[in-house]
Amino acid sequence: MNSYAEVVRVGVAGATGYTGVELLRLLSRHPGVHVSSAMGAPGAAPRHVPALKRLWDGPVNGLDLDVLADGSDAVFLALPEHAAAELAPSLVARGKRVFDLSGAFRLRDAALRRRWYPQTPDAAPSVVYGLTERYRDSLPDSSLVACAGCYPTAAILALQPLLQASLVDLAAPIIIDAKSGVSGAGKTPTERTHFSECHGSLSAYGVFDHRHAAEIEQELGTPVTFVPHLLPIDRGILETIYVVLKPGVDAAAIGETLHAAYANSPLVRLTGSDLPEIKHVAHTNFCDIGWKVNPATRQLVLISCIDNLGKGAAGQAVQNFNVAFGFAEGLGLN
Amino acid sequence: MNSYAEVVRVGVAGATGYTGVELLRLLSRHPGVHVSSAMGAPGAAPRHVPALKRLWDGPVNGLDLDVLADGSDAVFLALPEHAAAELAPSLVARGKRVFDLSGAFRLRDAALRRRWYPQTPDAAPSVVYGLTERYRDSLPDSSLVACAGCYPTAAILALQPLLQASLVDLAAPIIIDAKSGVSGAGKTPTERTHFSECHGSLSAYGVFDHRHAAEIEQELGTPVTFVPHLLPIDRGILETIYVVLKPGVDAAAIGETLHAAYANSPLVRLTGSDLPEIKHVAHTNFCDIGWKVNPATRQLVLISCIDNLGKGAAGQAVQNFNVAFGFAEGLGLN
Amino acid sequence: MNSYAEVVRVGVAGATGYTGVELLRLLSRHPGVHVSSAMGAPGAAPRHVPALKRLWDGPVNGLDLDVLADGSDAVFLALPEHAAAELAPSLVARGKRVFDLSGAFRLRDAALRRRWYPQTPDAAPSVVYGLTERYRDSLPDSSLVACAGCYPTAAILALQPLLQASLVDLAAPIIIDAKSGVSGAGKTPTERTHFSECHGSLSAYGVFDHRHAAEIEQELGTPVTFVPHLLPIDRGILETIYVVLKPGVDAAAIGETLHAAYANSPLVRLTGSDLPEIKHVAHTNFCDIGWKVNPATRQLVLISCIDNLGKGAAGQAVQNFNVAFGFAEGLGLN
Amino acid sequence: MNSYAEVVRVGVAGATGYTGVELLRLLSRHPGVHVSSAMGAPGAAPRHVPALKRLWDGPVNGLDLDVLADGSDAVFLALPEHAAAELAPSLVARGKRVFDLSGAFRLRDAALRRRWYPQTPDAAPSVVYGLTERYRDSLPDSSLVACAGCYPTAAILALQPLLQASLVDLAAPIIIDAKSGVSGAGKTPTERTHFSECHGSLSAYGVFDHRHAAEIEQELGTPVTFVPHLLPIDRGILETIYVVLKPGVDAAAIGETLHAAYANSPLVRLTGSDLPEIKHVAHTNFCDIGWKVNPATRQLVLISCIDNLGKGAAGQAVQNFNVAFGFAEGLGLN
């Protein structure tokens, strides 16, 4: 276990968005980290982050690849896909370990990647998919970690062990009805995220046309129906997942399988039939998973909750970093 | 068409809850109605409703069956199930036309009714299920109308025409992922509806154990999986409904079927692939329905939205009343 | 009283903003009005308003002065100040009666008007300040009505009668602590009105630098300290107003003065020591005013509430229109 | 400075309310603390706190004075006033250091204490008022700390240095317009804190009749006008404070005085004319203070923000504990 003998020098690119600020908040209090640089848009004048005053008082400078690379051992990219697609290979080439929070490098299938992330170069560096619980063993040797998306994190953690254990009847559709807080849409004002358009309302979007479906399907190895909704809250995702179980599979079998899968995962909390709620995971790095089975219809309902900026973005990136650098998995996350 | 020659005298029992106040708001400006009495709990002292000042300034008195019956031609019951179960037969016996907003008389199957509404007498009067669009022709001769529940209204209006037209593959489960504003839980303070427990959160409840599932199944004639969620808004329901279509059924067929079903329904708005949002139905009596189809998987996603206090409760009761008494269906509702 | 013998043909310019849509909602169900045209930005393609489907199904066309003027007797302008400043005089010159919801023509003092509304021409037509309760007698002969601003409406209605009756000690400051829902900031997305920036927060803005202070001071004839706050709700304004009373003035005197002032005002509701709340005025055209006095310190606290899109904008404009055209003051507003 | 050589054993009474859970969250990760016991209502069965799973997995037991006292060096009381009034003296008598979060022991004036906290014994132990920034020097020798109330914390921190420096014209009233999130009202469901009663609304309460006014006046030594409002958010307080300055006092003088007062206070952040917002202090232990001056009227507006459960309750208690036991003031609070 890393004993902080050597503090890791960390750079953050994209430090002014919601995810970037959350990264700075977590990294600035991490006992094994020194934040060596924080950068916003290229050419931007240095600024401070009011919300972080007294927590992290450094400046956020304009993006500069040389400065970013020279002063750091590891770099977190909280950038738009096209910027991450360009920067990550350069940083890896300079020997930096990169934790990319964008989707640019998540998809392994070249055709899918071209469809959803056309800016990503075909000849990308070797990538580890950054869902800690699933790829924990690959992280120590990683150079580029493509941190898992917010919706996929909640879905894959709930479903993957059950599919791997062959408990699910694949003849029926796997349905993921997902609800996310508005911070998941980022910091750029749009009509859809204007306060008066969201408050007191709920809407579905991206039906049959959201790139996170491809990411979920890649990790599950089976098609899913994925419908996200915009929830009038700031932070948090709740996914209600519907699958039909194979004959003879009951709630106890679900519980045993999930408990076995996450016995050594400190940041997954299984709640059984006490279904999880967003309020218990907001401002944490936990994924809470609960479930109920209707024996008559073999219908399983899973509820999976995360904070989209925590376990769904910044927290998960730090968790991946912790494992990659030999720290305790939850260090700096509680 | 009723020309208001004779104004209908109307009594409202249960006038202090959210549904009751909404009823008074609607009925007090209805050109064919005179609100003859409004009543709260038995023995309650007369009070006024601050929200209705200058809109309806009458007193809400303690519940008194004789006064309620003597002064009215029609009575709206916005009461708990056990109270409605007791009062409705007496009022019908006195020749009053009753619009019951509780669930007491909605289920026709005696066994199901005993399970979910044990207070309802087996020997109930003849009942019309009060979903106007579906039972429009039966309303003029009704004596007791069991107004449809909020969740069932949104679900049945979206699904019933498609099932009747045999467009749905019943081998796959019909899944109704429902999200409701908190006013649907009524006015009595509880831990679950305490502001700080709901705000910024989302939770599922009543999974595989909600009596509205029975009501939906009665009207659809087929089993459903129904999972309601408590949404951090005041008013509105959005249901995301998942069914698998029979081979060869496409989005156009869905549209044709729904347009045919609601050609003469002024309060159902079909939005096609522009999916509905709660904000467009809040404070209205509309049900908005949209849909998308994934041809590759034959998956149909329907979105159905209502205001749970409008089309889901008070507005629907007035709509039923309008048809029952020969008024224009939407009179006083816009 | 106008008996609807002649329906007034009405045009609405700026019909796609929050105020414009609210105007269409109100005018389309007004029994004395025919909406002859609705217009958005110049050159905009015709579109429909989803929220108004089945309520008002006309198109919103691109702005065209000739079309706007030719088909209408009265025109409502829900436009930015510079557009209203340009259009209003032309419409008046063509003999149209204009109800302007912008601030362009509200200030009578030329120097103040140049400071806050520099686009407004000095040689403006004769203007009636459109706060119905205060200028009811001038409206029938008006050609251009500058409808009162949202914050000023709540402040002036609460304070003006008390100042006119000389009940207030002007040696102490008059303080108006105002809180408004986000729809008051309009429909254009900005960082300040981005959902995640408002939700769960509260902030003051425009301290000592808000043009509504000048408008309030014009109507009260005395300086005020005015601090607005952005409230995480959609619709509604609550103002908490602090003044010191002259010796001997008590709560009863306040009540008598306000009751006398509003005896013939159907849309002002006085609540006495039961202080008003936003929820009772949201989606109405009422202004609710309550008060408490601390005899020991002669401190009076007034609470004044309106819906910023109702009595604070669209509703007030219709109320002014009603009086101007001889309709009942509250027609179409409840 | 305490080097954690000896971990302090801490008991928490009232561990199931919002403040109690927040205390457990903070104390369980405090490096100098061992939570030796957590207790709820007397006689309550042991339970766990779902929100704290994996953070603090101990049981919350029924209240037992002997167990509470025997195992702890320090005790935090997050109880109703009457329970704190009874327990605190017994615990002090047993040599425990007590941090009381209720109001029972805050008022020093016997008459005021009898009026607002009639259950508090007249012969109370020696008390330190627990506003760290103001009584830092008295905390190391304290036995009973009466932690400051939420509203008073924000008001006193903003006003006290200015009054002490004689910058304020006391001829004009000092007005504190306070807005608080609903968690400040506690966890017990009431009509006032029912979701549908708060959401989308705002209301004033306790005008001229709130016991926090007495607490503020005690610490400021001068009367204030205090009007609290219930804000539709979960956590956070913003106070808008209006005072008139003496002639010649300008914004710079305000800044110098506040900066001097808080030069050694790590948890007060001065924001100058960039006025603070609740979102920057929510989930922190900071008090953010900003100000603007209108030279023409000598009006000063101060904005002071805290998290009512953080600096306004649990965080402040831990801050007091830190100083009392020789830890760094902000230990465990960021």
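Which chain is which? They are A, B, C and D, in the order written, and residues in each are numbered from 1.
The rule we apply is simple: a residue touches a chain if its C-beta (ideal position, glycine included) is under 8 Å from a C-beta of that chain, and two chains touch if they have at least 3 such contacts.
All values derive from a computational prediction rather than experimental measurement.
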| item | value |
| --- | --- |
| Interface with more contacting C-beta pairs, comparing A-C to B-C | A-C |
| Most distant chain from chain C by Cα centroid | A |
| Separation of chain A from chain B, taking each centre as the mean of its C-alpha atoms, in whole Å | 40 |
| Rounded Å distance, chain A centre to chain C centre (Cα mean) | 46 |
| Centroid spacing, where centroids are CA-atom means, of chain B and chain C in whole angstrom | 36 |
| Of all residues in chain D, the ones touching two or more other chains | 197, 199-200, 232-234, 279 |
| List of chain A residues in touch with chain B within their complex | 172-173, 175, 177, 179, 197, 199-205, 207-208, 223, 225, 227, 229, 231-236, 238, 240, 242, 244, 275-279, 282, 292, 294, 297, 299, 301, 303 |
| Partner chain C, residues of chain B touching it in the complex | 29, 50-51, 53-55, 199-200, 266-267, 269, 271, 274, 279-280, 283, 286, 334 |
| Contact footprint of chain D on chain B as seen in their complex | 18, 181-183, 187, 189-191, 193-200, 232-234 |
